[in-house]
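Below are two complexes that have subunit A in common, paired first with subunit B and then with subunit C.
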Partner chain A sequence: MSQTRVAAPGDTVDAVRRDQRASRRGVAKHGKVTPWLFLLPYLVLFIGFVLLPIVLGLWISLHRWDYTLPGKPFVGLENYQDLFDSGSGIYSIFWNSMKATGIFTVASVPLLLVLPLLVALVMNRKFPGRNLFRAVYFAPYVLGVAVVGVLWRYLLDANIGLVNHYLGALGLPGDTAWLTSTPAVWVALVGVTVWWTMGYNSVIYLAALQDIPKELYEAARVDGASRWQQFVNVTFPGLRPVLAFITMITIIASANMFGQSYLMTQGGPGRETRTAIYQIAETGLRNFSMGDAAAMSYVLTAFLMVLSVLVFWLFRERRS
Partner chain B sequence: MMRTTARQRVRTRRTLATGAVTLTAALALAACGGGTTPEEVAGGGGAPEGAGEFTGEYDGPDVELSYWNGFTGGDGPFMQDLVDQFNEEHPNITVVPNTIQWADFYQRVPAAVNAGEGPDVGVMHLDQLATNAARSVIVPLDDVAEALEISEDDFSEEVWNAGIYDDQRYGIPLDVHSLAMFYNTEHFEAAGITEPPTDSESFMAALDALQAAGYQQPFWMPARWPGHLMFLSLLWQNGGEPYAEDGSEATFGSAEGVEALEWMRGIVDAGYSPSDVAQDSQYVAFKNGETSITWDGIWQINDLEASGLPYALAPIPAIFDEQLMWANSHQFFMTKQATQDENKYEAARVFIAWMSEQSADWAGAAMIPARESIREDAVAGMPQEPIANLLDNVRFLPPVPGIGTVQTETLEQAVANAILGQEEPQAALESAEERATELMEENLESFGG
Partner chain C sequence: MATTSTDQPGPVDVTTGPAEGGPRRPVRRASDEGAGAARSPWRTAVRYAILVLLALLFISPLVFMIVTSFKTRAGAAGIPPEWIPNPFTTQAYESILSASGTPVLRWFANSLIAALSNAAIVVVTSAMAAYALARMQFRGRGLVFGLIIATLFVPPVILIIPNYLIVGELGWLNTLAAVIVPTAASAFGVFFLRQFFLSIPEELEEAARLDGANPWTIFTRLVLPLSRPALATLGLLALLTNWNDFLWPVYVLFSPELQTLPAGLSTLQSANAVRYDLLMAGAVIASVPVLILFVFLQRFIIEGVSRSGLKG
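The block that comes next holds the complex of A and B.
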């Protein structure tokens, strides 16, 4: 693939010929290895931390696998059957956690797609203090989930938290149990997550906005397009490739939500906010039922794969 | 070369209990590869014969012991002092402590020991001993107990028996720590309460007096930790048992349990507690003087001392028939990893014996030393003294493998749901009990063989 080299301006014809001759002798042979050498570091990580775990996980999901016990009996598809058999103990636990993940994803993804776009549109304009505001919106994203979780756990506490205190001071209802009652707990979890991760999506939107050629807007203005028409006909199509990417990563990030409910609600009030990942971690790492946990992971993965295909289909290039 | 000597040792050491013998060669291999330095291998040849004789001394070559515990709070510095002191007195043993939050501890220890990278010795809660014994992470310590001449006589029966699983001893008790009633002395004074309440009648009278004195919500009822510990205490007080001793079923949904949980929810309904008390907020409220009474573990003592709050503590009042309270105990354990190297094994025994004897100093960490010969002097004048005299009234969870997870998956959520008012106590306990029994049956099956 690297055998022929594009002539750079200033190269003499002779030099290019010499190059080609040299490549025919030396680089050709050596060239077959070169790409692999470049890929090697990534491949090692990919095989070690992605490919092998995928295969091993599949293998584990076919066993009753407790790595601290000597026997790991093969059970075939029993772990999967249990997940789909409403009579088994794990059925409702697993599907409730999937439901929690579903609620969270449905509630948070639209907000995480729209709000950052609005922020990016504002940040793309010229106004004094723009850089400061850009930093302010991005700042929460640099915090770890532990910091965010513990911080908001205290802020949102129904009885000793600042949020309720100030709501009360403003004459609003100050006794909402943000962390211990549904549906308030979902408002809290989604709100905190939007506050926390909005900056990341905004930055990507902002970069995409700056990539849209100014000439297109000029042309649109010349044609007499209004602000809204400019957005619909210039900005939005320009954002489409990025939009597909942001939608995908936001869905995956929301479907993988764990830390916020682990730290802020402990899955509570009872186990309503135990997400799928939370349940998988509890089952596999605390209860040592690695087989069940692996089977759950694969079911979750299947869901996410279907969802990804759907998103790609939605955002596909439409030929008219 | 090292591989064979290690295996031979394992084979020849008859005194070692069965757990160690089941080690696979692969594990021995892993441990030799990871845990032993060349110096130790070279020095290993001169190990004393007859490891069974335990003298309390270790005169072998220099050895390093990996020691894991979860003392991340006010108890941490006291443990570090003890370890430093031990290292100073034993030049040929180096104890390397590693402190991990308890929440992660029980997840990491089995994994690390299985990989041969775990601790040689450590401290864990007694309700985790059975689980780890069943997973053969830890090994029996009967011979250590015997050689240490520590026996039932020096411990209250409850504490001593709690370290036994399947007729073998897996833990050497370090301390006992229980739930206690903390109260704000200023609030009590203002309300004219002179003696801490000891039974249901005086407790309710105290709550009313506190309300009359202007402390509207004197007893916050936590939905999460330590809510389930309060429930267990009340259940025992009421004559119930949470789990069958043989691990075959959960019984916390009995009439006694329902009554106990109804009492807890009643505190909220009667307005003594706000509703929706989320995790930790009852403790923060107590520390800030917003509430007057809280039931929490005695391990909070050092934190409260540091906060400067005017407080005192008393045993939990007898709300029901008998004054009983939930307790747990820190117990020393030895892992199968330590048994693969004779020197480590010897040194580990010396370490556990020494620590057990020093447990008087441990009272400074707001715990109650487990040894009776030490206890009285050690806790004299300490805040936890009132509890130390009631050790016969503490109750532990039965030694059933996997009980910890069963509890977080079922009981804790039932208690939370009932206190938050999301479910009636009876319905919450019944469905949780059913699920708990299911889990326990599964556990019996996995651990049974």
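The block that comes next holds the complex of A and C.
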């Protein structure tokens, strides 16, 4: 880490501090208004584009809110009832998209938790070229989903794609329709996402691994712990807080999968890979049924909140 | 919150800090027999083989993207795929740069303006807010900070519909303001910079105050210059995020000439479904700036990302 670490303020400050032994007199004095003036620009944005929208979304979801029509009648919970009423037109559209999000999340999250950890464990050791490898693994992440989607649609092309070509060369089936048939399309979307974001999780894991005191490993070795025992008793407990964090952000990211589908499969085949967020955007921002779309986004968020509680409960500190 | 959040990103002493991976002190190395035995040449070879194979997996698609952008239309669709363009041509670039329906240069300029403005707003507003939250005492501080942190885990999907309406009310639909302003309230930015400010020794600010400096002077003349690396990290991350943002620009920017590069790539793809030479040229144009930033400033970027985990 030392080579990549951002110079800490202490580096320059320490020298100054030596001859400036000012006594600690607590927090600097300031007027009552000053803190709020410092906060003002941020709070304007925060309230206007984060807090207000959260409330406004709820309000919209209680109306039949067609962006293009003048009247926006209040309908109470009707939009929500429709989502749970199998007789309504939107029921199957919504739950198909939730199913797509579910499939993708369930398939991608475990891979995105385990593979980056393995990479981080291999990297958590000093060897020549380590920073280079770390940078290479991280590189796809800086590209953004648009480039990744356009690129992999080409590489996964059933006829002229690189993937099928090399699979064929290895004697494997070389004619899989990666983007137009299930379940291959899920393998493709999950695989591309792992390729794209694995480096991100690896970097977070690696930082956490390096924060585990070396003394703990030494003590474990003195006690005759095997490598596996060291992992279970030292590494894993040391990673727990970060594991909860990574699990959370990975679930949220996977549940918001959009670009891969939009660019590589256009939600197809049929509507198989049209995820919930994709459907919400289409319903609300293409067809302008904003009431329906807002209700959908609240139901999806409710699912995610239940999941978060579950994750934090799973990773809670267990006191023995 | 992670237990590490109190001492990061503090001034870690490079020589004794816990940050490095392998054994360092001679004492440790002597007692490290087990691991020493594991480091036989054979195992080293296997380790490097795995690392190199993995690196190829990550890098070769990018290389192929660049290679294809210099092929002809037929070359890009050729079987078997070739790793050296034959004939080598810049046709694809010339073609997309001159096509009127897909103004790539305009998209490039739009993306640049949007990403730079967004990053500037993120850094300025987060730094000011973070300083108040780190150093000033006032009623409601806990509430404000709590609210900001709570939104770190709010799924962005919930904001799409209402923000579209708000942006519409402001008259910003189909303008760059729509992709610059709404995403500028960065909860991560406030969190990240607050931690950094907390690690600066308070005595410095105290001394400046005794010299008669007011909070604004202390903030701009003392705290900000000391925080340059942290500000650079946050600015870079904001720049990358905005440059790569996809869903929101696709839906709020409709005119071809007003799109950003990611939204434009989607337009390019709809217009040239299987012209992979053109699509790869567009993808290269969208990637080159961020790849260059990454190559030269990767320590800031990777540092920022690893900190985000420590903050969890």
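Observations on the structure shown:
As a working rule, the second predicted complex is superposed on the first by the 278 of 320 C-alpha atoms of A that agree within 3 Å, B and C clash if a C-alpha of one lies under 4 Å from a C-alpha of the other, contacts with A are read in each partner's own complex, and residues count from 1 in each chain.
Basically, a contact is a pair of C-beta atoms (placed from the backbone, for glycine too) under 8 Å apart; a residue touches a chain by one contact, two chains touch by 3 or more.
Please read these numbers as outputs of a predicted model, since none were measured by experiment.
Of the two partner chains placed around the shared chain by superposition, subunit C is the only one that A:Phe245 touches, whereas subunit B remains out of contact. Residue contacts after overlaying the shared chain place A:Leu285 against subunit B and subunit C alike. Using the contact criterion defined above for the overlaid structures, shared-chain residue A:Arg271 touches subunit B, although it does not reach subunit C. Contact with subunit B, but none with subunit C, is seen for A:Leu179 once the two complexes are overlaid on the shared chain. By the touch criterion stated above, A:Val119 is placed in contact with subunit C alone, subunit B being left untouched. Subunit A has more of its residues touched by C than by the other of subunit B and subunit C. Contact with neither subunit B nor subunit C is seen for A:Pro237 once the two complexes are overlaid on the shared chain.
Applying the stated contact rule after C-alpha superposition, one finds that A:Pro110 touches neither subunit B nor subunit C. When both complexes are overlaid on chain A, the residue A:Pro41 reaches subunit C alone and has no touch with subunit B.
Residues 67, 153-154, 157, 159-160, 285-286 of subunit A lie in contact with subunit B in one complex and with subunit C in the other.
Within the complex formed with subunit B, the residues of subunit A that make contact are 64, 66-71, 89, 153-154, 157-160, 177, 179-181, 265-266, 268-271, 282, 285-288.
Those residues of subunit A lying in contact with subunit C across their complex are 1-14, 16-17, 20-25, 27-30, 32, 34-36, 38-39, 41-43, 45-46, 48-54, 56-57, 60, 67, 119, 122-127, 129-130, 133-140, 142-147, 150-155, 157, 159-160, 162, 165, 195, 199-200, 203-214, 218, 221, 241-242, 244-246, 248, 252, 255-256, 258-259, 262-263, 276-277, 280-281, 284-286, 290, 293-294, 297-298, 300-301, 304, 308. Here subunit B touches subunit A in the complex through residues 22, 106-107, 110-111, 114, 135-137, 220, 223-224, 274-281, 284-285, 288, 290, 402, 405, 408-409, 413, 416-417, 420, 422-423, 435, 438-439, 442, 446-447, 449, going by the rule given at the top.
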